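Below: one structure in structure tokens.
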Amino acid sequence: MSYNTTGRLLRLTTWGESHGPAIGAVIDGCPPNIPIKASEIQYWLDQRKPGQNKFTTQRKEEDKVEILSGVFEGLSTGTPIQLLIANKDQRSKDYSDIKGTFRPGHADLTYWHKYRNRDYRGGGRASARETAARVAGGSIARSILNSICPNIKIKGYLIQMGEHKIVRDNFDYDAIGKNAFWCPDAKMADIWSDYLIEIRKSGDSIGAMIEVCAQNVPPGLGAPIYAKIDGDLASAMMSINAAKSVEIGDGTNVASLRGSQNSDEFFLENDKLAFRSNHSGGILGGITTGQDIICRVAIKPASSILIPKEAVTLKGVATEVVTKGRHDPCVGIRGVPVAEAMMALTLADHVLLHRAQCGAIKDYQF
Amino acid sequence: MSYNTTGRLLRLTTWGESHGPAIGAVIDGCPPNIPIKASEIQYWLDQRKPGQNKFTTQRKEEDKVEILSGVFEGLSTGTPIQLLIANKDQRSKDYSDIKGTFRPGHADLTYWHKYRNRDYRGGGRASARETAARVAGGSIARSILNSICPNIKIKGYLIQMGEHKIVRDNFDYDAIGKNAFWCPDAKMADIWSDYLIEIRKSGDSIGAMIEVCAQNVPPGLGAPIYAKIDGDLASAMMSINAAKSVEIGDGTNVASLRGSQNSDEFFLENDKLAFRSNHSGGILGGITTGQDIICRVAIKPASSILIPKEAVTLKGVATEVVTKGRHDPCVGIRGVPVAEAMMALTLADHVLLHRAQCGAIKDYQF
Amino acid sequence: MSYNTTGRLLRLTTWGESHGPAIGAVIDGCPPNIPIKASEIQYWLDQRKPGQNKFTTQRKEEDKVEILSGVFEGLSTGTPIQLLIANKDQRSKDYSDIKGTFRPGHADLTYWHKYRNRDYRGGGRASARETAARVAGGSIARSILNSICPNIKIKGYLIQMGEHKIVRDNFDYDAIGKNAFWCPDAKMADIWSDYLIEIRKSGDSIGAMIEVCAQNVPPGLGAPIYAKIDGDLASAMMSINAAKSVEIGDGTNVASLRGSQNSDEFFLENDKLAFRSNHSGGILGGITTGQDIICRVAIKPASSILIPKEAVTLKGVATEVVTKGRHDPCVGIRGVPVAEAMMALTLADHVLLHRAQCGAIKDYQF
Amino acid sequence: MSYNTTGRLLRLTTWGESHGPAIGAVIDGCPPNIPIKASEIQYWLDQRKPGQNKFTTQRKEEDKVEILSGVFEGLSTGTPIQLLIANKDQRSKDYSDIKGTFRPGHADLTYWHKYRNRDYRGGGRASARETAARVAGGSIARSILNSICPNIKIKGYLIQMGEHKIVRDNFDYDAIGKNAFWCPDAKMADIWSDYLIEIRKSGDSIGAMIEVCAQNVPPGLGAPIYAKIDGDLASAMMSINAAKSVEIGDGTNVASLRGSQNSDEFFLENDKLAFRSNHSGGILGGITTGQDIICRVAIKPASSILIPKEAVTLKGVATEVVTKGRHDPCVGIRGVPVAEAMMALTLADHVLLHRAQCGAIKDYQF
């Protein structure tokens, strides 16, 4: 039972506060002889890194990762991999005025309730800075998948920002990396750009919906009943800062559907099993079908805004807060690489679990 | 690492198949000296029991629980509580014709992928019958909460069936138990009644949305980062059969909101901290605020319908299935007591976790 | 975190009290398609069964096992296997006079300290009756090993009873099953027979030393640092009732040795790695070498004796106890099948762990 | 399920190799508001530090600890505490000649069997250097105990080196810190000094027996059946490098005892429960009695000796090895602070476990 560890056999433990000397992750359970390069972890960290464009916080963090253990001559040894990311651009004084105040929508109040102790600088442990450690861990998970199930492809993207949803007919995988929003709809990306500038100017923030798709996942991953892969994804995704929902496949929409609409019928195509649809999001009974895994996560608008809000001090006095500091107007954007990392971690974990109980991973056969 | 166990310190392990001799649950980690009565567990099981009205399956199961261990002279001893529920009305022959066929929308295919072995009778381990064991375990969790946090109230209800959502203005807690649907909107219950009769007649099934509300939860329960109470709720709820989404508070809707709309401002009311709203669903940073915990789960329409669907046999031959047997036209209804049980289990688990790390549970104080 | 569960991936949860309606075990994580027969489990249970000869308790328990789940048409399905053993010969009234008294050397006092609640009948959960559930679980573990590593042989035996140790030169595997003591030294078995009759007549009991040897274990099982196979064996063996020490290989004797004596040199024999000795007991750095695993467990003399002992009542009054009831004069004898079961469970667990991280189990190759 | 994590609620994860850039530990589950000082952790690390006298390795390691997270303004925050110890004096070239050779008695062979990959420099992860991370973690555990159970005292010492055992009648707690061997028998310390000089001169090494005593432990810690405190101690102690046995109380000696000798009778002394003896080592049924916890661990002689030994290369060629490098002639000496740390970690973990299930820790009362 660990508070700061996720995964069953591939165990990611993250540590560190926003304004401490460093943050990091230990990954335990990595198979041996997996190629691990700092440059590759860095590649994924750079996707999440702040200060990359005008739509994200201007905190300047290099987010440079150091591998302190578990890798020898470029290969994982099977022992714990410690990844350390030094904090460089902490402006802790930005936070001195909130030292004695609970900010609405933040974890200030609840950490105080729980611990009667609180590292108030930048949200401490509750800061989204912790997600850098997830992305680093996710890179290890990708390397594991690459060795065992090399066809798996994981892709995250934003499908909604505030009132603007993408048009599914415009969906283009190649567009995702070509705009500041991981948006698969190039036209919508332009609309979001104007929209987000307006929101930032008004001192406000906006929510977003992330979708992550995993392709070419072998069938048979996951396990009943409390190790269902959708149960594990739900927990992994909901643990992301500001996440308020997790959906698999048709998600909330299934409440509106009839059984005759929702069943994903199958048939034979070139002697292989094929599906007419994928309402299930690639998971039945907690186990993968071999179809794309589709998962969506709603990210609430950041609570750090320039618009004054009612608050209360630690001493129980009414006050008002305006969050200065350097913040993302849409935290959902930088949440995309984080959600991808959580998908990679969950899949790699279940690949190992499957090997344990059922032996080698196989493709479907009659 | 257990496949069939949920919870961190209060551990529920369920076992059993739909058509085996019995199903059951072991609850480990229950504090000592908690009053446990078979009659009370039975009360909750009876809420979930099939065959109670025309809207649920006509399988006749008494679902009579036996306490085999862990309770002495009416009190928990602190050792594992084994609860056994005999299966009585298995009509396994109903299933002989699906022995060799994968049914679309069921776990038949994925269990086969995983295990190359499958108890096809009534879905085996994938059957919703397993949820009786959860309800039994949830009753123990309620008894624990009743001893340690007696003010907590947990209530589940349906807020949507197919295209019909309840009207929030008609919400009435007292109405919930007075109709066949756990519907808090008495007028909507009448509409649902006609609607469901029509669906059943057409041989179809329908999805639904469950909401569970926990009131008077002490602030401070939950823990960063991978033991967040919303992360644990997400996993617990998503593990329910047919669940396809989990939402906390405003859920998917936060994607549309601005920070200025979503922040739950606080103020002082009679010297106590009070909130202007509860968009967060009672959880910030993975820890309870003391407000109501609000959680929603979408339940897909049952895949067992009378309308023929394309399918494939174990030998890879195209075929068609019609599910006869005895099935629920809206499995969401019987999912309500199950979702309540998962809420009770999650809260009781976090109460114990909190005691471990932080000592006694306290109400908020400045 | 479970109190009553052992194992990492192959999880044994036992439940039940000495004088409740039944005891049992849930085994979760069993690979699919392992042949499981009730008759085979029964075979192992019969080794441990009380009342078999004059040297064990005369409690008459059939110890008949029922498989309630997880096995379909003779094969494991991969889902939890519930094994139930009804209690038949509870003479609870034998215990009514110790209801209010803490017996020295028993867990009466400590359970009361912990729980302020105690099922005093026959020791409740602290009874060695719980070990029947371990033996049942161990049978499943043997079946798993039989499928994946069919050459592994596990054999337990007594090497010491009180002041009498076996003579290693007389060691004969075939003798083990041919006397009432699992003694590999036929001559010593005769001496023990007279010795134990004398001890029982004097109303006393005697300690013993169990050794368990596992042959043909593949090299490479186990994992640093806190999943070492010797660490897991230590925990598994020490959890046996009345166990007071666990030794691997030369055990306590290594304190007396020099490095030059203790090193197990290796050389080449027919192009294969061979060892000059096995001081290490088949484990180096927590990982198996491929040599025999040797583990010893000291079992204290039963505290239930006819000789009066000072005690104290629940109310804090000095008293004296004589344990009547039906007891084993040397509990170490019936501990042998239990220690074998714990070895089987630990090895099977590590076989699954190894597959998870490193893929298929292989024999050593250069 | 973690390979490199120990503890149930207080979770110590260690990472790092002997010759990598650093080693360290993450401690998760620490209660909030525990005073944590780097200087205090350093104090304990200095007990274990190499190069302190002529009887330990001359590797010069400062073992300077840095606290990277989880502590704010001198108090634990309840979030993970990352402790980092840089490696300074790696002479990796000392190991280049064993790069291609399996050394007898080392984990070289078994790591290769398991992982087909091996950081050969200084034993990599199998190096006793890892135990510095345990000592650092143990310091946190001591601080927790100090806050919750301030009377607990933990003391480790050597009771045997090779053929020389201490004389119990000379036992003097105050002597322990006053010689180079943590020896409680001042006269024996002198004998050991000459003895060990002779052993080192002969290029050999010697085994030892550690005893750890924990005083003033409250009764009621531990839990049946697989969370027994002796089971957890067994696993914690056996995980120490070179440990080959774990004994509780009379340990292996119970095999020789009669029930009438072994029972720890109790009586009333000033209205409080008192014991006539402590054969049980303070634990009955896996739960503490309130007496001293006594635990012994046999440490094998280091396999790194100057006397040539038969070995085999990675390519399967017979060879011979002499271990140069800088090594301890009696690794048991530096094992003493490590065994103390494991005791502290186990007790602190069980204090938290007890609070979770049973509420506040209390002294015994009728």
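To keep things simple, chains are lettered A, B, C and D as they appear, and every chain counts its residues starting from 1.
Keep this in mind: contacts are C-beta pairs under 8 Å (C-beta built on N, C-alpha and C of every residue); 3 or more make two chains touch, one makes a residue touch a chain.
These numbers come from a predicted model, not from an experiment.
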If you take the mean of the Cα atoms for each chain, which one ends up farthest from chain D?
-> B
Hey, which pair has more contacts between C-betas, B-C or A-C?
-> B-C
Please report how many Å separate the Cα centroid of chain A from that of chain B, as a whole number.
-> 26
Separation of mean Cα positions, chain C and chain B [Å, integer] = 39
Go ahead and note the Å separation of the Cα centroids belonging to chain A and chain C.
-> 45
Multi-chain contacts in chain B, i.e. residues touching at least two other chains, fall at 1-5, 8-9, 14, 29, 32, 78-79, 114-115, 125, 223-224, 353, 357-358
If you look only at chain A, which of its residues touch chain B in the complex?
-> 1-6, 8-9, 14, 102, 104-107, 109-111, 113-115, 125-126, 130, 160-163, 199, 204-209, 219-228, 230-239, 241, 243-268, 271, 273, 276, 279-281, 283-290, 296, 298-305, 307, 309-312, 314-318, 332, 353-354, 357-358, 364, 366
Considering the complex alone, what residue numbers of chain C touch chain B?
-> 1-5, 8-9, 11, 13-17, 20-24, 26, 28-29, 32-33, 66, 68-70, 72, 75-82, 84, 114-119, 124-125
Any idea which chain D residues touch chain B in the complex?
-> 1, 9, 29-32, 78-79, 223-224, 352-353, 355-360
